[in-house]
Amino acid sequence: MGKVSQHAALYRMVATIRQVEEALAALLAEGLIPGFIHLSIGQEAVAAGVMSVLTQADTITSTHRGHGHAIAKGMKLEAFFAELLARDSGACRGRGGSMHVADVANGMLGANGIVAAGIPIALGSAFAHKTLKRDAVAVAFFGDGAMAEGLLHECLNLAKLWDLPVLFVCENNGWGEFLPTEHQIVFTLDKLAAAFGVPHRTVDGNDVGAVAKVAGEVVAKVRKSGPMILECLTSRVGGHYEGDPQRGRDPAEQVAAKARDPLEIARARLAEGEADKIDRDVTGAIAAAIAFARVAPEPDWDVAAASVYTSAA
Amino acid sequence: MMAELRYNHAVNRAMADAMAADPTVVLFGEDVAGAGGVYGATRGLRDRFGAERVRDTPISEAAFVGLAVGAALSGLKPIVEISFIDFMTFAMDAMVNQAAKMRTMFGGQVSVPMVLRTQNGGGAGSGPQHSQCLEAWFAHVPGLKVVCPGDPASAYGLLRAAIADPDPVIVIEHKALYAMRVPEPEALPILPIGKAVIVRPGRDLTIVSYGGALRAVAETAATLSAEGIEAEIVDLRSIQPWDEAAVLNSLSHTHRLLIVHEAVEAFGVGAEIAARMADIGFDELDAPILRVGAPFMPSPIAKALERRYMPNTNSILAAVRRLLA
Amino acid sequence: MMAELRYNHAVNRAMADAMAADPTVVLFGEDVAGAGGVYGATRGLRDRFGAERVRDTPISEAAFVGLAVGAALSGLKPIVEISFIDFMTFAMDAMVNQAAKMRTMFGGQVSVPMVLRTQNGGGAGSGPQHSQCLEAWFAHVPGLKVVCPGDPASAYGLLRAAIADPDPVIVIEHKALYAMRVPEPEALPILPIGKAVIVRPGRDLTIVSYGGALRAVAETAATLSAEGIEAEIVDLRSIQPWDEAAVLNSLSHTHRLLIVHEAVEAFGVGAEIAARMADIGFDELDAPILRVGAPFMPSPIAKALERRYMPNTNSILAAVRRLLA
Amino acid sequence: MGKVSQHAALYRMVATIRQVEEALAALLAEGLIPGFIHLSIGQEAVAAGVMSVLTQADTITSTHRGHGHAIAKGMKLEAFFAELLARDSGACRGRGGSMHVADVANGMLGANGIVAAGIPIALGSAFAHKTLKRDAVAVAFFGDGAMAEGLLHECLNLAKLWDLPVLFVCENNGWGEFLPTEHQIVFTLDKLAAAFGVPHRTVDGNDVGAVAKVAGEVVAKVRKSGPMILECLTSRVGGHYEGDPQRGRDPAEQVAAKARDPLEIARARLAEGEADKIDRDVTGAIAAAIAFARVAPEPDWDVAAASVYTSAA
């Protein structure tokens, strides 16, 4: 598609994720969302940009901060909001919620409540793509805090050893829960990548155009020649979870995190008035989806209880 | 306003008192130092005891729990926190294959005086990967001790006992109890690991429970009492070792046994209690031994389903009716 | 010399037949391809099915078991081997928090058709970190299935069933059984998961067992028979789900129940069976429910101690005497 | 100590480990040793060299191939053989055996049946040394196959982050069980070390003099300035375990593995006749230890059963 429409499409996705996250904060405050939720405000460009270069056959695994990944990979807003509100019409019939949104038909193999646990699942999906000769790649999203999990390191070795079509996407927002990752991790991902001989690229994760461009190049390489790492430098504008008091977070750092807003950066690429129109569309679509979710039925106990095994389902 | 003791403050005070009394007690885990823990149980400890003794770890559960084992072998008394018991899936080896077995395997050369603090349970809509009750796994492992405090005083007394214990102890707090308050007790004694307590005397049936399920059990007992049915409630407090004698003794005057816990019923802690009583307590039994635990499915997130999933007055009452029928 | 079937060959044949029948079945694990596995159970499979489908992995249990989960989500039917169940301490997350929960958690969008093959048990002096029987851990996790074949035909039939099953199944072989031989059976049917079998009929008591303990149970039953005591032996074959109806049915004509397994008795598989029978089978019981399992200590290595540690004719006989007293 | 006596001491330890391993093979064949055993023939110089620069206060954690580590750290031969024969007079009262030999008084915190599991234990010991202000280091021995365990990577990060006095010693023998590690690991330890900023040294692990020299320098650095890695290039002459049929092991590779015999290399440094004398001493000491072990009592059941908890012990 042409430049303009591509910028518009990317902006639309960034705006959608932003408005979705903001709507979720309100719904949580309203008491409609069970559990805790992790918003990706400030990081929307990563999901929007990477997903813009994937096909439906490509698969991804996500993290606890996975709303944007799910939506960018194609999950319908109705199914998404109904899931977050734990309703039967949700993508997971209201049994996954924020940390487990999945849309397998669209290749979204699940958010994950366990740090780094999605990474080997992406490897396995890539292994299946390869073994079954599918022209598809798998993408493992993870945060910079997950770099401390040995599982990531095991997966880098295995992906390279088996030459799997898997892309490791690090959303480096500088935080791991309540502690800056500089106090958790002594290495940088580029150096680690070099040790494993896995090609590594860094991109401005707040610039959706840049993410889309670099991701496009990287994913093309992965399809042909095996594993790569894409490190997206981005910023967690809010707390670790919605409602996080963020005790002891340096105000200056928080201001800095807000400084390069992915939404503004994407917006600047559009023609006068175009963004406003998209914003209105998005607002409307989200309002409709939320309206749908609000009245969606609760999950049924017996159906849930019968769903534990396939045979019984 | 009269002084109260909050569960998470009791946990905090237990660590503070132990660290003040013994300079070899150290504490580490994810966000325990700077943030004071997800549930505030470690707040203020780094300021008080210093950054050497109270440390934040990277997200490397296997490594830092293993580190605790080595530290315990070399003169420290580490308290290590795993913020949700669900994450123990990454840290099983250090506890099960190392800490638990070293004393026997090394011929008594060592003790492994470490405490692993974690929390389990539902009620917060946290979903299938943040609500599990996995205590039965650890109770099955020779060499480990497991306690599940169900109130603030137990949280203090059992944690102090765990820190003082020469062997590895897993202390499983409950996320829904952290905000529980009781009037500040006169005294906060260290409680013996392995001893249960009768939290409510009764003649008609024995309800054995622990941890997060105790509140629903107490409510149910109150309801029953209004009907003239007096349930004796035994709070196990310790799961490994558990107080067989106390349960048998209660059974021997009520002759009816119900076990209630939040963990999945199948292959849960209640199975062992029922099995032992079906052996050594067989002659005392006037009725089948019943259990109330979670059904065999992952935790739901929808509030209504989660309420039904967890032991509640309805499910406990239904079991009691069956037991007395 | 008449044809025989060896347990490890039965395991091998099950995988070979499944791989021949279904090109999406793949196999990987440490040394399964080149070396054919520590116990020879995978020998020859790479030569026959190719290096794409039969692969050696690095020593990265957490990663390659997680990889199996992802492969199962994306169209393959992986068989992954963990060479000793003791090493599952590194691979719990993929099975417990991922594979087991996905179907429920994702609202039925997926099945996770994977098999994790491993082996448990003692008898080889392998010591505390290579002899454990941890099946109770997995039986406690909703979403997993667990089978423990106790003879060559079961090893074949249950593994075929596990590979054909749409859900994650943990197949726990037994290291001391790999060399077990039986006359080549007429047929080797796929066996239903969840169904027990009466391996010896009897009227006087029911002995429920599985896996590695079955041989000592059978020997004991023969000894008892010589005294005119006829024990009915129920081989559970499957631990999760287990055949409650078959156990209850046997109990309802013998009225006496003994459960024997090699796992540590406390909080072991036998606890759940005893607990269920103390509930739904209570009226059938003429005597306490007894269990014989490992004592609460890590496996010893000294031969004499290990023999005493594992269920044996002496310990089983003693329990039967108590049961019939 | 002077050069000559140092060479003699090092030779003595290499010869001791060699003769111990050979004796164990015979005892296993005799049926006196329960379970399987992993011999370190061809790798003796690593244990002998590294331990020669450690003090009794320094601690080590070992692997499944730990006989040499235990003996070099000071375990008495009587206690060692009695342990391997699972006798009550063994170092672990016959309850550990080959894969769990430990001699805590001498700082040997245990062999380990679980690959990589000893590494975090060494970190913990180093953490205790540091916290309790002991002038001691901890040494974690591991094999090249263990490089695939994420646990090693987590420990490198944590050791560096907490600046712990721990030395990571890799016994790189080219094998992980039955498969050359080149088919298991895509990275080299020096590159990995560089990523973590942990200094790395490589040494000829078959030359005990070289190991002692480099280990001396490295351990001195660790005492002052935190974690380091020492990679010892060595060779597994025999199978993975004693009795391993070594199917499909390339005969040429096996010959090569035997080529640079640590015993011969150490021997060449001694004066005429000196080695023979040491050999005789060692043979005598081992014979005496085995004689002791053969008649040592079996472990007592009740004592073992009472040993699970300290309180009950």
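Order as written gives the chain letters A, B, C and D; numbering starts at 1 within each chain.
FYI, a residue touches a chain if its C-beta (ideal position, glycine included) is under 8 Å from a C-beta of that chain, and two chains touch if they have at least 3 such contacts.
For clarity, every value in this text was computed on a predicted model and none was experimentally measured.
J.: Return the chains common to the contact lists of chain B and chain D.
T.: Where chain B and chain D share a partner, that partner set is A, C.
J.: Across the interfaces A-C and A-B, which one involves more C-beta pairs in contact?
T.: By number of C-beta pairs in contact, A-C is the larger.
J.: Quick one: report the Å distance separating chain A from chain D, using the average Cα coordinate of each chain.
T.: Centre-to-centre distance between chain A and chain D: 46 Å.
J.: For chain A and chain C, let me know how many angstrom lie between their CA-based centres, rounded off.
T.: Taking the mean C-alpha position of each chain, the two centres sit 40 Å apart.
J.: I'd like the Å distance between the centres of chain A and chain B, where a centre is the mean of that chain's Cα atoms.
T.: Each chain's C-alpha centroid was found; their separation is 36 Å.
J.: Averaging over Cα atoms per chain, report the distance between chain B and chain C in Å.
T.: 30
J.: Of all residues in chain D, which are in touch with two or more distinct other chains?
T.: Within chain D, the residues that touch at least two other chains are 94-96, 100, 112-114, 148-151, 154, 157, 161, 183-185, 304, 307-308.
J.: For chain C, what residues touch not just one other chain but two or more?
T.: Answer for chain C, listing residues that touch two or more other chains: 57-58, 60, 62-63, 86, 89-90, 93, 97, 104-105, 127-129, 142-143, 296-298.
J.: Tell me the shape of the graph of touching chains, choosing from line, ring, star, complete and other.
T.: Shape of the chain contacts: complete, all pairs touching.
J.: Given the complex with chain D, which residues does chain C contribute to the contact?
T.: Those in contact with chain D are residues 30-31, 34-36, 56-60, 62-63, 86-87, 89-90, 124-130, 295-298, 300-306, 308.
J.: With touch defined as at the start, can you tell me which chain C residues reach chain A in the complex?
T.: Against chain A, the touching part of chain C is residues 24, 26, 52-53, 55, 57-58, 60, 62-76, 78, 93-94, 97-98, 102-111, 142-143, 145, 165-167.
J.: Going by the contact rule set out above, which residues of chain B touch chain C in the complex?
T.: 62, 86, 88-90, 92-93, 96-97, 100-101, 104-105, 127-129, 134, 136-137, 139-143, 240, 263-264, 266-272, 274-275, 277-280, 282-283, 285, 287-291, 296-298
J.: Using the touch definition up top, name the residues of chain A that touch chain C in the complex.
T.: Within the complex, chain A touches chain C at residues 59, 61, 90-96, 100, 102-105, 109-110, 112-114, 117, 119-129, 131-132, 138, 150-151, 154-155, 157-158, 161-162, 304, 307-311, 313.
J.: If you look only at chain D, which of its residues touch chain A in the complex?
T.: So the residues of chain D in touch with chain A come to 148-154, 157, 160-161, 183-188, 191-192, 194-197.
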